[in-house]
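Each chain gets a letter, A, B, C, D, E and F, in the order it is written, and its residues are counted from 1.
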Amino acid sequence: MSETLTHLDSNGNAHMIDVSDKDVTKRTATARSVVKMLPETLKKVIEGGLPKGDVLATVRIAGIQAAKKTPELIPLCHPLMLTKITVGINVLDDCRIEILCTCALSGKTGVEMEALTGASVAALTLYDMCKAVDKGITIVETSLLEKHGGKSGSWSVNNG
Amino acid sequence: MSETLTHLDSNGNAHMIDVSDKDVTKRTATARSVVKMLPETLKKVIEGGLPKGDVLATVRIAGIQAAKKTPELIPLCHPLMLTKITVGINVLDDCRIEILCTCALSGKTGVEMEALTGASVAALTLYDMCKAVDKGITIVETSLLEKHGGKSGSWSVNNG
Amino acid sequence: MSETLTHLDSNGNAHMIDVSDKDVTKRTATARSVVKMLPETLKKVIEGGLPKGDVLATVRIAGIQAAKKTPELIPLCHPLMLTKITVGINVLDDCRIEILCTCALSGKTGVEMEALTGASVAALTLYDMCKAVDKGITIVETSLLEKHGGKSGSWSVNNG
Amino acid sequence: MSETLTHLDSNGNAHMIDVSDKDVTKRTATARSVVKMLPETLKKVIEGGLPKGDVLATVRIAGIQAAKKTPELIPLCHPLMLTKITVGINVLDDCRIEILCTCALSGKTGVEMEALTGASVAALTLYDMCKAVDKGITIVETSLLEKHGGKSGSWSVNNG
Amino acid sequence: MSETLTHLDSNGNAHMIDVSDKDVTKRTATARSVVKMLPETLKKVIEGGLPKGDVLATVRIAGIQAAKKTPELIPLCHPLMLTKITVGINVLDDCRIEILCTCALSGKTGVEMEALTGASVAALTLYDMCKAVDKGITIVETSLLEKHGGKSGSWSVNNG
Amino acid sequence: MSETLTHLDSNGNAHMIDVSDKDVTKRTATARSVVKMLPETLKKVIEGGLPKGDVLATVRIAGIQAAKKTPELIPLCHPLMLTKITVGINVLDDCRIEILCTCALSGKTGVEMEALTGASVAALTLYDMCKAVDKGITIVETSLLEKHGGKSGSWSVNNG
């Protein structure tokens, strides 16, 4: 009674890529998110005075914790054991703050999504801490800057 | 022996806003993320053929699940019981895909961060499913479109 | 440049049901999972001697914890605040163990999925603790027994 | 003052098996859950028209995400880094849908529980999306089909 | 065939207390953890110089995030929607640091465990950031200071 | 327009230690938490009769599950794949209960925080199950007893 009558699967169905037979190599990736805000908001980020308190430390911890949660958030990402996560914060011109997240591990698959998730959630946290004083605050970019390791080798946004 | 000698706290310390005494009102918010890709990537998103499979359904589920996880991801967000989460996907001109996330609840605090987190993680998932064929894919915007309810009433990006 | 050119959504897209305007009522549900095993396995469940130890307490805690995680596991379930979770364990004839999970809350949506998830994960935990001594152990049923509350009122497996 | 007077432990206490000294080998497992429904429900699963939308994609993503969560759900399971998770869906005769979940990794312990958890949560998600139109829908089986790798080698439901 | 033959439950089985019929009242609780360290470690906590960086902000965020996770960690705790979480840090004499965590909500059950979990995880985070320079660092106390609200009313450590 | 104008980072910022280039070795750690209670509470822990039921099994499972969650709870801890977690419970004199948690893995970083987190959450769970009958119950110590493996070798509380 249990023979299969109809497959409801096709090549288009969502699935994790099978990385069982890939080599374990050291892999790193760096992503960034850029947040644009009002001049007076930027001033409060740098000098203090936002209603939810110490913004830079909160942003950093949120980004580190989110990078670890990537396989819970991005459905087709593999569980990974990151050996390094850093979150850096820079002020750019034009009232923009850049959040850089770098991840590394020895593993069978790359860590681009981990770096991007870390940068994104750090940017959302910056947004959360500023939104009471700046309703138009916007994340104007989230992108990969560079990655290294694995079969496809190194790539960077500047020279592809 | 246990008298306090020195407080290591100051007004600048990170803390959740106390919403204990706020009114319970219906609150909604809509956020969007916009992803820019190559023309041939966009074709595969619409027509199928990406290596990880059915991209639109995966993006939608990822956004819905992420909106529920907002208080785990954004450190100073309150736990909430969302009564509605929708994720919509539109093709804009110039090879851009727009992801809209709307959240609603009856509660003591707004749902902007839930809508923004849903849109962001949906956009990261779109990125994840396209990155094998489009290394320069970029999230070019994540922002709040409108919010309603609560003491501060309605706000939209167009008329502040 | 941002006008919508093509909606990639249709009525068939996955979405959470909007319960914003539903009434808050007391809701309960009871589900069960039934696990069939070898006679000597059943003996060890009852009398002890399984390699991973105290099976009944572990099964009960696993079911309680899983019921709380339902909205993380079932993508279109709403976050809920359960006010009661119980897990009961009975021996049926024919070497079967029945796990009953009952959940309750005052809320806008039913708790069937919470009861079913609690019963299922409890059954999987029973499986996990027995599998070293019984490779053919099987969960032979997971179903809803009854539910009460909400607009659709009471339902039970016996009288629809 | 701190010498131990009474141990409250015994051989029957729940504990994770120590796998520290096991070999790392490639391990795979396939499990299935079977869901029985009304003919008109099955028609809607295949052709569309369920109130929560696109059921097959949602079921697949839910199963993949749940397999990753196995060590959170099953108390005595080890944390693992799965390298492959697939969820397949077939229509059997007699108004039954079969969900197959296959997991793989290189590791110190088997992945049966991961495959079973993936299949179970996928089946619960199918249940969730059909329950508004079919209150008697039932998961009629969850079992292991086969496993490979590790000290105990290969096993399948057909030839033990 | 499915009549119950033997109940494996007894009054001693673990279960969540049913709070379905309790009143919703405002409830608060404050707990503390005290960490004892070497004088040179305390100096670095206050003045900076620990290998993992900014200790006080990390401790505060960890405590806030952990309080929200209480129902995931303490098996028989109910899911709750905290409306306030604060973490304060004080230096006591004798090289001790006191972490205070206060939680509040309007709900059917108290928030003692949330305050205790927040204080404990904050203390563990302080431990984590100091352990490279102080192997004997110890959490010397975790206790409830006071609670208010609910049927049993107010209680404080000083006047019971 | 995107050149960096100001770094908001300094040596004091919180960051995960980079363990990418550390050796994989077997590492173990044992931590303990000690809980002091009233004589009549201790009697109920040993003989049964607490309102939430079977305390020892619940404490053990809570500790095992919490040790796995350490990287979610302690922000700067690395994700790890523990190969062993045990929780032991002993009665000491003076109405004290000692919880011992031992963790092991083959990895690039130690497991002290995993053992400490397991012991702490087990102690909080003991607290939770006793607090209805003993409002003054207190965790009087959480500390590391010993650790082995890694570059720094063995350490124990008795001979440093």
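Criterion: a residue touches a chain if its C-beta (ideal position, glycine included) is under 8 Å from a C-beta of that chain, and two chains touch if they have at least 3 such contacts.
According to UniProt, the chain labels map to these proteins: A, B, C, D, E, F = Cyclic pyranopterin monophosphate synthase.
All figures in this text were calculated on a predicted structure; none of them were measured in a lab.
Chains that touch both subunit B and subunit C are the following: D, E.
Shared contact partners of subunit B and subunit F, listed by label: A, C, D, E. One of A-F, C-F or E-F repeats the interface of B-C: more than half of the contact pairs, counted by residue number, are shared by A-F.
Taking only C-alpha atoms, you rotate subunit C by 120 degrees to land it on subunit E; that is to the nearest 5. Taking the mean Cα position of each chain as its centre, C sits at the greatest distance from subunit A. Distance between chain centres (mean CA atoms), subunit C to subunit D: 14 Å.
With centres defined as mean CA coordinates, subunit E is found 34 Å away from subunit D. Centre to centre, using the average C-alpha position, subunit A and subunit D are separated by 29 Å. Residues of subunit D found to touch two or more other chains are 13-16, 54, 57-58, 61-62, 65, 69, 72, 75-76, 80-81.
Remark: the chains found to touch one another pair up as A-B, A-D, A-E, A-F, B-C, B-D, B-E, C-D, C-E, C-F, D-F, E-F.
Residues of subunit E that touch subunit F in their complex: 11-17, 48-49, 51-55, 57-58, 61-62, 65-66, 69, 72-77, 112-113, 116-117, 120-121, 123-125, 127-129, 131, 135-136, 138-144, 155, 157, 160. By the touch rule above, subunit C contacts subunit F in their complex via residues 54, 57-58, 61-62, 65. Chain contact summary for the complex, subunit A toward subunit D: residues 1-9, 13-16, 18-20, 22, 71-72, 75-76, 78-81, 107-108.
Touching subunit B in their complex are the following residues of subunit E: 26, 34, 46, 56-57, 60-61, 64-65, 68-69, 80-94, 96-98, 104-106.
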